[in-house]
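Structures are listed in the sections that come next.
Shared between the two complexes below is subunit A, which has subunit B as its partner in the first and subunit C in the second.
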Partner chain A sequence: MTRPRPLDVLFRGLIWAAGIVGMALPVWIVGFLLVRGAGRLTWSFLVDHPRGYPPGTEGGILPAILGSAALILVGLVIAIPLGVGGGLYLAEFCPSKRLQSYARAAVEALAGVPSILYGLFGFACFVVFLRMGISLLAGGLVLGLVMLPILLITSQEAFAAVAAQYREATLSLGTDRSAWIFWVLLPKARVRILAGLVLAVGHAVGSAAPVLFTASVYFRRGGLHLDQPVMTLPTHLYFLVSEAISFDHAFATALVLVLGLAIFNGAAMALRHQMRDS
Partner chain B sequence: MTPTANTSWIQVESLDVAYGNAPVLHQVSASFPERQVTAILGPSGCGKSTLLRVINRTLELTPEARVTGGQVHVKGRNILHPSEDIRSLRKQVGIVQQRPLAFPMSIQENVDFGRRHHHGRLQRKERDRITASLLERVGLWDEVKHRLDSSATRLSIGQLQRLCIARTLANDPDVILMDEPCSALDPESTATIETLIQELKATVTILIVTHNIAQARRISDQILFLLDGTVAEAGTNAEVMGAARNPRVRRFLSGEEG
Partner chain C sequence: MVLFLLKETGLFQGLLPTRDLLQVAAPWSPLATPPSFGLGHAWVGSFLVTGISLALAVPLGIGIGIFAAEIAPPAVARILQPALELLAGIPAVVYGFFGYVTFVKWYADWSGQPTGESLLAAGVVLAIMILPFIASTSAEALRTVYQDYREAALGLGVTEGCLFRRIVLIKALPGLAAAVALGLARALGETLAVLMLSGNTAAMPEGPLSRGQPLTALLATELGETAAGSPKYRMLFSAACLLLLAVLALNMGILALKRRFFEHLHD
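Our next item is the complex of A and B:
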């Protein structure tokens, strides 16, 4: 048996260490949240309004859950058609490779913009210039912009990953481009697009900065309206901690955010498996 | 193999094709008689698949590929003319690719895909009748008749190739171009496809690209042999297999070169 070289041993050790840290870190974070927040996580915490003085010291976080969900839904109404459509354009219709690479570079740069800048842009454009005010609509539009580049890039990659032979097989039957796109390309790419959607929603739902300037308020009673502000989970968490209102509620809120994302990811994974099987 | 234009379904005249600046076919002229099987042979990269893709104009789906000269007539019509109705041509001249691909839909929808696009939706009963007839024709009916609504992606590769042939036949083509249809198949599936080709030629003109000399010997009536993008040999099966004039073709046919 040959003795392993020291460099191999070192390299293997580093790989193992990276793997262990990579896996342990999320487990540690979730475990920490569970230890600190699980005690407060009751049914009434999920379905009740914030209570006490200042609001949030008692009661629950229902308006923040609903507000976050509503913002994501409004954002998706913007991001899905623009993101998937933009990805389709770049993959299928863009007339030149050069234009494609410029557009792609621009979208990638957009994906790297700090989310607070989206918030600032949303405040200037939607809240002030378009006079939407601090509202569900303004915040939803900003979250749509946050999700757009991620969805566009993943959609383009999803379309590009469908083998060119499928295109030729479809069009060789004398069908037109719409048959190719709607009956073959989109169904073939949908699993990857869904993966991009999960990534985009995960990124958007936890972003406090874009909605801080455009949609959210510390406390609000009443239903959801497009022209009214909303409470959201990340901004509620921010207020609870920054104003030292309740750290117990803050950890429980963070736990709800993480569990919500886990449930969403799990549902998306199940859907992806179902789509693959079909 | 130089039948007159009257008896030839497809006539290729001085065809030049290039990928970018690299010529692939040079001054290729050939004619393909009606309701016969013509095998197109030659080493890899000699332009066999390119020739097929010119004939149903799928070559232009490859951005850098272009026809730089010559004409191709199908039933006397120059199909390279800008006014040619490409969709109608592709319906008339179907192609079966080397790698059989299932569209992401059921077996029945796969078979019906092209036909529905050209002729619209049919009553369920009529559609079922046509599907059954096509699948019987390619010898797949007994294997899939109880799962027509299940995904076509679950078929074996041999079944999938027959499904692709049924999908092409659903367009009721006059010509079927086959690009190494058996290259990924086991001997049993290959035999099934070869039998099918023999049955199909009663109604359809078939051009088949193959690397398999024995297969060409078994199934073809005519042979076109390409070398380096030009026609090296053309004639009936017996003429080319028995008395090829080109020494390189003879070496290739005898297995000395391949």
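Our next item is the complex of A and C:
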């Protein structure tokens, strides 16, 4: 081994610096939010309504949390059947490899479409054309569309990953195809699909652009109704900052979002480990 | 699934204005008589912000990719991976807020202006946002090549540095290009962060330090206060359609690059 050349040493140093920056950035961002937001983050902040004038300067963010959760639930009602069903079709029933690869490319392209365009589509199609108005239903449908491609891709991969021996063993026992799907394929793929679901939900909870014009308002009283607008966590944060209402509350809201998502993604990672073990 | 895409574009096309879309020089002044809907400032804003973010994120992201794929000891790589995932999982609106209380505030303090929003701040935050995507895609490409060639090349007595420069980097080029294209597509379509950081001013930006209004910010600002079916509404949707086309073209490019990367790997 010859002595390393100075250029190589320099290069190595630069790469190490890049790697350290990559590790320091998330620590900096999350640490910053923690230091500035943790003081405001109390139990009553989570379970109280926004109060004060303008609303949001005091009180809590309960309606925003509930609104985000309700939007996700409505979205899942369409995203789960379409996503898992579509994945099942592509993995099991698709007649030709060619159609499969085209459909896969289309879904991947759909997954790459910016979220603001989902918002515009939802506004034109659900809010205006289908006359749903700015409502929980319209926003939930848009978030369903946002989650759909992620869920479809992960469930297709989950189905494709179930080993072929299972298939041959099951079918050779004389069972029909539906028994194979319901008793073997779905249970085997369940953990992976769940991990994909967590990924999709985590992505949808944080995105404000799709619900900005389709579901959310800055402040409202009363419960959740399908035909009424809701508050959501990301748009609440956006309004708090852009209208300069309360930076203290904005820090705490951002912290709730980031910590909530970190727990969610941690769950997904734990699922993946469980998957590797079993 | 293809139908979904067609439906989406088809719907937009049904609303496409028959008039010329590309009045680049005209100002955006929908309230003037006659109203004028020039989108030039928004395109310039979008390209400036995207350009700044790529200029920062591409070298750093590929650097992190090389670090993760080759240099990092396994223990460090085990920390780096979830750190990047965490970075990728932070919502855009939180990035926007973070940028607002850091870069924007610093610039306001430093320059003495009452507010510090600028295209530069939006570009810097955008760079942090696309960094994990560029890093993980390029790390994956480099790792694939490295596994294939490492032992053969080292067995021939080639040094590590030469192996890296002459073989790995060249073979991984399509994969690295795909990483850059992915970052570009994400940066072009990102909305909330640029909306909060760019200043959102409908004037032609004079430079990276001035305020501006990238296309996505324009869409997010104006859509809420536009009557459905009006000329302004159609203009916004045709702008969205152009954005969609640009991003779809980029995605097709990424797919083609990835395919090429895997086909040529074993030549």
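Descriptive notes on the structure:
What we mean here is this: the second predicted complex is superposed on the first by the 236 of 278 C-alpha atoms of A that agree within 3 Å, B and C clash if a C-alpha of one lies under 4 Å from a C-alpha of the other, contacts with A are read in each partner's own complex, and residues count from 1 in each chain.
In this text, contacts are C-beta pairs under 8 Å (C-beta built on N, C-alpha and C of every residue); 3 or more make two chains touch, one makes a residue touch a chain.
Model, not experiment: these values are computed from the prediction.
After overlaying the two complexes on the shared chain, residue contacts for A:Leu110 are found with subunit C alone; subunit B is out of touch.
In the superposition on chain A, contact is made by A:Val128 with subunit C only, not with subunit B. Legend: residue contacts after superposition of the two complexes on their common chain; A:Gln165 is shown touching subunit B, with no touch to subunit C.
In the superposition on chain A, A:Leu10 makes contact with neither subunit B nor subunit C. By the document's definition of touching, of the two partners only subunit B reaches A:Lys188; subunit C does not. Applying the stated contact rule after C-alpha superposition, one finds that A:Pro234 touches subunit C and leaves subunit B untouched. Residue contacts after overlaying the shared chain place A:Leu73 against neither subunit B nor subunit C. For subunit A in complex with subunit C, the residues that touch the partner chain are 2, 4-5, 7-8, 11-12, 14-19, 21-23, 25-27, 29-30, 32-33, 36, 86, 102-103, 105-110, 112-117, 119-121, 123-125, 128-129, 145, 152, 202, 205-209, 212-213, 234-235, 237-238, 241-242, 247, 250-251, 254, 257-258, 261-262, 265, 269. Residues 163-176, 179, 183-184, 187-188, 277-278 of subunit A touch subunit B in their complex.
Those residues of subunit B that touch subunit A in the shared complex are 56, 58, 61, 86-91, 94-95, 97, 99, 101, 103-105, 113-114, 117-118, 151, 164, 167-168, 171.
If you check the complex, the residues on subunit C that touch subunit A are 1-2, 4-5, 8, 11-12, 15, 59-60, 63-64, 66-68, 71-72, 76, 79-80, 82-87, 89-94, 96-98, 100-102, 128, 131, 135, 159-161, 185-186, 188-192, 195-196, 216, 219-220, 223-224, 228, 236-237, 240, 243-244, 247-248, 250-252, 254-255.
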